[in-house]
Structure formats: C-alpha cells, structure tokens
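Inspection log for the structure reproduced underneath, given as structure tokens.
A, B and C are the chain letters, set down in written order, and residue numbers restart from 1 in every chain.
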Amino acid sequence: MTFIRYILRRLLYVAPQLFGIILISFMMVKLIPGDPVVMMLGPVASQESIEALRESMGFNKTLLQQFAIYFGNVLHGDFGTSWQTTRPVVEDLVVRFPATLELVTLGLLLAMLIGVPFGVLAARHKSGPIRRFTDYYGLVAGAIPDFWLALVFVYVFYTIFHIVPTPLGRVDMSLLTPPVVTGSYIIDSILIGDFEVLGSTLGHLVLPVLTLGLINAGPILKVTQSTMERVLTSDFIQYAELSGLSPRTVLRQAVRNSLPSIVTIISVLYGFLIGGAVLVEIVFSWGGAGQYAVQGVLNNDINPVLGFVVFSAVLCLFIYLVVDLICFTIDPRMRA
Amino acid sequence: MIVSAIGKPDRAQHLPDPAAAADAQASSGPAPTSGLPKESGPGGRRTETGAGSFFLAVLRNKPSFAFGYFIVALVCLIAIFAPWIVPYDPMNADPSQYLLSPRWSHPLGTDSTGMDIFSRVLYAPRIDLTIALIGTLISASFGSFLGAITGFYEGGRTWRKFSSALVMRSADVLQAFPVFVFAIALVAVFGQGISSVIAAIAFVNAPIYLRLMRSQVLSIRKMRYVEAAYVSGASDLGIIMRHVIPNAIPAVLSQLSVNIGWSVLLTAGLSFVGAGVVAPLPEWGSMISMGYQNIVTGQWWPSIFPGLALGLTVFGFSLVGGSIEILADPARRRVLAGTVK
Amino acid sequence: MTARTIAGEFGSDGMIRVEASGKEGHLASESTRDGRNSKSVALSAFAGEVSTEQAKTPLISIKDLTVGFPSYGKTTKRAVNGVSLDIPRGEVVGLVGESGSGKSTLARAMMGMVPPPGIVEGGIVSLDGLDLSTLNEKQMRAIRGRDLSMMVPNPRSELNPLLTVGRQISNVAHEHLGISRKQAEAKAMEMLRSVRISDAERRFNAYPHELSGGMAQRVIIAIALICSPRFIISDDATSGLDVTVQAQVLELMSTLVRDRGASMLFITRDIGIAAHFCNRVAVMYAGEIVEIADTQSFFERPAHPYSVMLLSAFLHNPALRAKWTKKADDLSGAAPLSGGCPFRFRCVRARERCAVEHPKLSRFRPRHDVRCHFPVGTPS
C-alpha cells in the first residue's frame, strides 16, 4: 500500500464525515429554541420588520431547503454573516482561528516539552521521588480546571506581582496589530520587524500558554508513560535486554516504538483544544475561534457556530491525516 | 489471562483432604485462574487472605490510593449531609456582607452578592456530583450496550453488519465535533438547566464507552474459548453474560471513575461560560465565573476556593480510577501483591 | 534428514526396551527392570565427546540456586528450589520439564533477569569461575549476549517490529564487539548466511512481520550466536515451529554450537528432542532437578517415576501411559513446603516415606543421579 493510495483512501472517508458534521450542526442549531429574528431586532421591533427579516433570511423555507441553500453556499465558500459582528463569518474566522491556533500550538509545544521527557522518566523509575512527582503531576493536571488555573496565574502574576501585561487580548491595546500574513502575530510582527508588537504579543502569550501547557502536559505525560511501560515490558524489549544492549539503546528503541501513540494523543489534544481552549480564551479575552462559536450558541447566531464547526472539523481531519501519515512512516506493519 | 471473575468458586473449598487446608494456604503463586479472592462466602472461613483484608493492606501500603478513596468518600458525605452542616443558607444573598475576606464568621469569605462561600462550596457537590454521576452512568450504560452489540455483530450477516457500521460512523462523526462547543450547543438546544447538562454529558461521553466495550468484545470474540463455547452450544446472550461482561467490567469501572471526574470539570466549564447551571445555584464552575471579575481587583477567594474544591474532588476520583485499574488487572494485582506485606 | 523418534515399551516379560534415533545415530537398549541383562547399542557420534580434562573445570556452575515469588498473604512460591548443576565446556545439557517446573525461571535467573516479583533467594551462578552475583548491572550487561546468550520461542514477538532484522542482529554485534556499524552489518550478513536464510541480502532489510516463523527463529539464533558466546541457553526455542522446520532448526543449532565449541543448556518440554543432541539430560519438577544423567544412561534406565511418566507419554503405548500416569486434580505449581517429595501426589510408586522425607539427589548409577526414595528398577 503506497503513500498515495493511503492518502486517497483516507480522503475518501473524509467527505461523508464532513457532510455528516455539517448536517448535524445545522440540525442542532436549528433546534435551539428561541427566535433568532426577534433576538436580532430587539424587543421593540414591529411585526412587519420581523416578518421582512425572516423572509429575507430565508427562515420561512423548509428545513431541508434551508440546509440545501446553506450547503450550496458553503461549497462556494460563503458561510453567511454573523449578525453580532455584522461581518461575514469567513472574515471573522480568518482573524480568530489564527489566534486560537497560535495559542494552542504554543501551548501544546510546551506541554510536549514537559510531558514527554517526564513520561519517559516515569516509565523508567518504578518508584522513588521522580515517579511520585510524575504520578501526582498527571493526576493534578487532569483535575484542575484550566480556566481556574488561568485565574490563579492572573491573580499571582498580574494582581500581585505585576510582571505580566493586563490580561486583555493578544496585544497591548495601544499598539497597532501587524498586517495579516499568516494571522500569527508572532510571525507577522517578525516579518515587518515590529519588535514592540512582538514583545507585547509574547508578553500576552505567557500566561495562557503556560496554563494550556501545564495542564495538557498531564495527558501527554500519562500516555507517554503508559505506552513506554507497555513497550518496556514487551517481549522484544526484554529480549533486547537479554542480549545485553545498553540501556540507552534500549530506551531509544522503546521511545521509537512509543511514538505512534504519543503522536496520536497530541493530535487528539490538538483537535480538542481548538474548541476546548475557549475557557482560557474567555479568561484572557483572547478573541479566539472557540469564543466566537460559544457566543454564537448563546445568542442564537447560527452562522458563526456552523462556520466554526466546519472549520474546526476540517482542521481536525487534516491533523488526523497528518498523524496517520507519520505513523505510516514509522511503523512498517501498516504498509502491509 | 482472561478470567471469569464472577462465580469462580474458591479453590480451597473443593479439596476434600483435611491436610489440604494447609496446602491451600501454601498453594499460592501466579495461578492464572484466581480472580479476586472472594470474601468469606457462605460458610467459608478464608478471612485470613480474603479480598477485604487484601484491600485494606493495599490501602495501608499505598497512601495515594487511600487518599483517593478518602476524598471520594468525604465529598459524597458532604454532598449528602450538606443541608445539615452548612452555617448559612447557600443562596441567601446579604449585600451588606459582600466580598468579605476569609474570617471566623465566614471561613472562606463572601462573594460579590454577599453569599457565604464556605456554605456554597459545601453545597455544590450535590449538584456537581449528581450531574456527573447520572450523566456518566447513562453514557456508560447506553454506550456500553451499543458497543457490545456492534462489537458482537461486527462482520455478521448483512443487516447487522450494516447497522453496526452505521453506528460506528455516527460515533466517528460525533467525536469529530469539538467537544466543548458540542456540549454548549446541546445545552442550548435542551434549554438551560441541570437535566440539559446531564444530557450533554451523556452524549459527549457515550462514544468513549461505545468504543471501549466494542474493542473488548472484539478482542474477546477472538479468543478460542469463546469459539469453544459456541461449539458447545452456548447462546449469544450466554456468552455475553458469562465471558464478555466480567472481563470488560474492570476497564469500564476505571474509565467510569475517571469520567466522573472529567464530567464534573465539564459541568464547571459549562457553567463558567453561562451555559450550564444557572446562578445562584451553588456550583463550583458558576462560582468561579462569579468571582472572575474580582480576581483582577485582588479579591481572590470567590474564585480560588471553589476551584480548589473542584480540583481536589476530580483528583480523588482519578486516584480511585487508577487504583481500580491496577486492582482489577490480575497481572498488575500480583505485582502489587508482591510489594505489599 | 530423519526425524528423531523414540519408541519403546515395557514388555510383559518385565523388559524395558527403548529406541531412540536421530541424525547422529541410533540407540537401542533393552534391560530388565532391575538392571540385569541389559544390552544396549551405543549411539554413534552422539553429541560430541567431552574429554575428562575439560570436564573438570565447569564452564557454568550453579550451586543451590533458589528463586522465590513472594505474594501477599501466601507463602512464597519457590519456582527454583535449590538447583545445582555443573556444565563443562563443550557439553550440551538438556533440561526437560513441564510448564511450571521452573525451567524458564532458572534460565532467566542465570542471565540475571528474573521477572518481578521474583527474587533470587540464594545460591550462586558462576561462569568460568566468575560469580555472576558479584557483578553490577553494567558488568552483567556486558556478559549478556556476548559470553552468555539466550534463544527464545515465539521469535516474531521477540523482535522489534519497527527495525529490520539485519539491523537488530548488527546492533548486538556493534554493542558488544566494539566494532563499527559497517563492520557489524557485514558480520550480521555473514551470520544470516550461516543460519542458512535464503536470499540473505534481501532478508537483511526485511521486517520481522515479513518473515515466517522458521526464518524468524533463525534470526534469533543469529543474534544469540553472533558474538560467539561460550554458553547458550535455548529456552524452548523450537516450540511453536512446524515439525519439519523444528528438525532443521535443531540441526542448525547443534552444528553451530559444536563449531564454536560452546556449551548449551537446552530447555524443552519435549523429551524426544532432548535425545537429539544432548550429552546429558536433566529432568526438572517443581523447581528441583529430580534426575540427571548421561543421555545414554537416561534413556536406557530412566530412574525417576516422573521421567518414566514423561517417556511413556511419548511412547506409542496407551497401556504403558496409563500404568505410569496417576490421575490427579490440578496441582501443577503447588510447592508444598510441608515436607516430603513434591511428586508424591502423582507418583504411582509413592509410599509413606515419600510424604515425610524430602528425597535428596543421590547416585543411582555412574553419571546418573536421581532424587527419589524408590527409583524405578529398585524394589519399592
């Protein structure tokens, strides 16, 4: 099974999945009680204007028709407009998604840097202080609510020590945001050499990245540890030890054999955090994509929600594909 | 080493020889057919090395396990007896007492509307735990049932195969949804309130149990002894009852415990956003949300204490889940037994 | 290549007739139960001659090795209970026993790798006079794979699925012999040819899951032998293979071991294979060696009732089997420390003395020891 065929096969699965996702999201949002038109126009709107708006938004058509229209639009890249921001959803998302991605990527990077080494350490030390620490770390990190930890950090580092900027948004409000190339403020500010913005961006990133990193290091640590433990007690590792190979060699083999699982958990976390980082985003007023979607749900603004769901689903599927490709490269058994 | 832990009679009770009593003590070791040693059964006298005393010894030797069980027990007790222990009515807002820092009359302080935080923190488990327990149990039973069925009829005759494939693809799609947004949307659909949160939790967690149970069933089906059972005429239901369920239970149990903790977190998160439990109902997440603005101005107690309680509770459940995982797996239990005295 | 066979019977005239044949030759013997009127045709070219000089300085010396598995609330189970065994240079000792007799634990203990929760409770293992228990882990690692190596069953699960087999073989050489990667790979390729893997160049870059069971086992052999160790343990290494493949692998093993002048402990559950190329045969039960003898003497005059039971299980004679096997409850693994002989529950010759006094290993014939109060052939 070659690379190309593998990719094609996977892509074949993606299409029906995407369709299903869009369909279900559409149905769900339509099921949310409350009349969006009334919410949009406010309590003093006249009956005619409500009717007019309803007609123009197409709410009088059947559900199936509405879905067909929506789906047709999506295929053209038109995700409608958010009545809260009065801008096309696509425009909003283009700004907001990079915000979330920048945050989540850096956060997961930190989580990997903490979780993987500690996970490997934990697998090798069956007892002792290191093991106790990693055991508790995994448990505590999985138990603490991330938004609460964010608040603790804000309290300690901002309210008490004043060493971080005001936790409002991605960059100091007095500064101009760099022109959008990738959407990542870090990259974009470097591109135009605006180091003041860069510094401010980094300063604003410290706390949320720290929060996400510390908490998500937990699952990464645990998966690394359990996979390594499983591999370290596997027959072939025992045999490698039996043949007298050095612990370093054995460890290298063990890590390599554990990679597929580790990469998988990271991808799962990534997918989760695209929507799941919303709580941290809220604490720091980040203006991310998840926040956008949540506001959409709470205010019966359907288009942002659907747009977000579709975007994030596509992103997730893409990530899973990349991960599968990585596993395909590492593990020769998958090529059979 | 697959074991039917349920209904396996104790070996000692079968040896007729009186000298065998001493032998039973001695006949030890990594015997693969011993499930959890049973407590003194009807008329049995094996309390010396029964499951109960083993469990207590493990608790003595592994303080972390003990701590976990302690926390869970404590939280459950608090949830049950809260109405009798709390010093103040948890929903009585006394504006004159707002934002008092911790002191003797208000051990954890008061929040911005004057409600006593200590009472609210103690009252919150009633809601959080109820939601998490019910939601998780629903998702576990529903998901496991579906998982067992799809696993069982995988690759079977056409309509079964089709429906199992359908269920799996639906589960795939469901899991492709961003979990949190999905939960919020569900709550929005069902209207705010406790039952909606329960429904959201059930929905979000069901695929986990579905996959768990399905993979258990699939791997057990492959085992030869199941083939043998078929050959000897056992029915489908019989096989499920006798083989599949007992072997899947440990995995499901430990998943359950961890899940309950996670569901509490999800509930808190939903409430924090305003899509879960409505204020002024005492719930840890919504308490954190209420105290959110005060953090910046220096009043840390309305948000910090609920979070601590929340973290501690989930921590306890995770510990319990971890201990179940070790105790339920015969191989790991043996290794544990070797280190315990 | 003739498959090795053993056939025999206990005639109604009271004679024991045993025949064993293999590539090296043929043994037929006939004797009465009490040893009188015995005649035997010695196996020719059987399992290599060992000079008396070499026999004096054992390569491997195990004294009183005891390995226990502690368990909560139960008395410790002794998987290996006071085993002593000397193996001189160039000798192949077969170790026969059923599952749970402690053979694998013994092998692991010799390599210094007892699986948890087992611990070595006492005894010494020496390699060429060097007490292995005095070595730290690093020194032990240097010995493993280089001076002392092991072959294991189920080869495909013992090889790393993500690495090519050639790489895995060369890793061992690279690690122990202090040679460069390139040299190690050349050596590995050479080894692949010695174990008679066809199309060695291509197989070098193959992954374990692409090989058949027999080929994977040859890879294991290559790994075990690439550093030309002085002592090799084969732990049931041929079980799980098809019979014809098994025969080929056995032949390969014996050739390679002979060529290198190495000693071997050949562990197996199949007593028939033990006849193939072992100088001596030892039988293990409940963690103890219950009989140990020169192969010829063993098959001529098996002394321990358990050995006879094992042999009768392989003979094509149901009546014989029925005569020597006692029906019992599931008792494998039981190590009653209440004294007496552990085999008594299954022994057709057990008497009162067996329940009380634990038999010691004692001389039965020249180069033939047995641990029994009433060995076969003596009045009981």
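Assume a contact is a pair of C-beta atoms (placed from the backbone, for glycine too) under 8 Å apart; a residue touches a chain by one contact, two chains touch by 3 or more.
Just so it is clear, the model here is predicted, and its values are computed rather than measured.
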Open item on the list: Please classify the inter-chain touch graph. Allowed labels: line, ring, star, complete, other.
Closed with: complete
Task: Most centrally placed chain - per-chain CA mean versus overall CA mean - done: B
TODO: Give, as an integer number of Å, the spacing between the C-alpha centres of chain B and chain A.
DONE: 26
TODO: Find the geometric centre of each of chain A and chain C from their Cα atoms only, then give the gap between the two centres in Å, rounded to an integer.
DONE: 57
TODO: Determine the centre-to-centre distance between chain B and chain C, using the mean Cα coordinates as centres, and give it in whole Å.
DONE: 49
Task: Shared interface positions of chain B, touching two or more other chains - done: none
- [ ] Going by the contact rule at the top, pick out the chain A residues touching chain C in the complex.
- [x] 234-247, 249, 253, 256-257, 330-333, 336
Open item on the list: With touch defined as at the start, can you tell me which chain C residues reach chain A in the complex?
Closed with: 111, 113, 140-146, 149-150, 152, 154, 157-163, 171-172, 175-176, 207, 209-210, 223-224
- [ ] State the interface residues of chain C toward chain B in the complex, per the touch definition above.
- [x] 69-77, 116-117, 329, 331, 333-338
- [ ] Over in the complex, which chain B residues touch chain A? Could you list them?
- [x] 64, 169-170, 172-174, 176-182, 184-186, 188-189, 191, 261-262, 265, 268-269, 272-275, 285, 288, 292, 295-298, 300, 303-304, 306-307, 310-315, 318-319, 322
Open item on the list: Show me the residue ranges of chain B that touch chain C in the complex, using the header's touch definition.
Closed with: 15, 19, 22-23, 25-31, 48-49, 53-54, 57, 334-335, 337-341
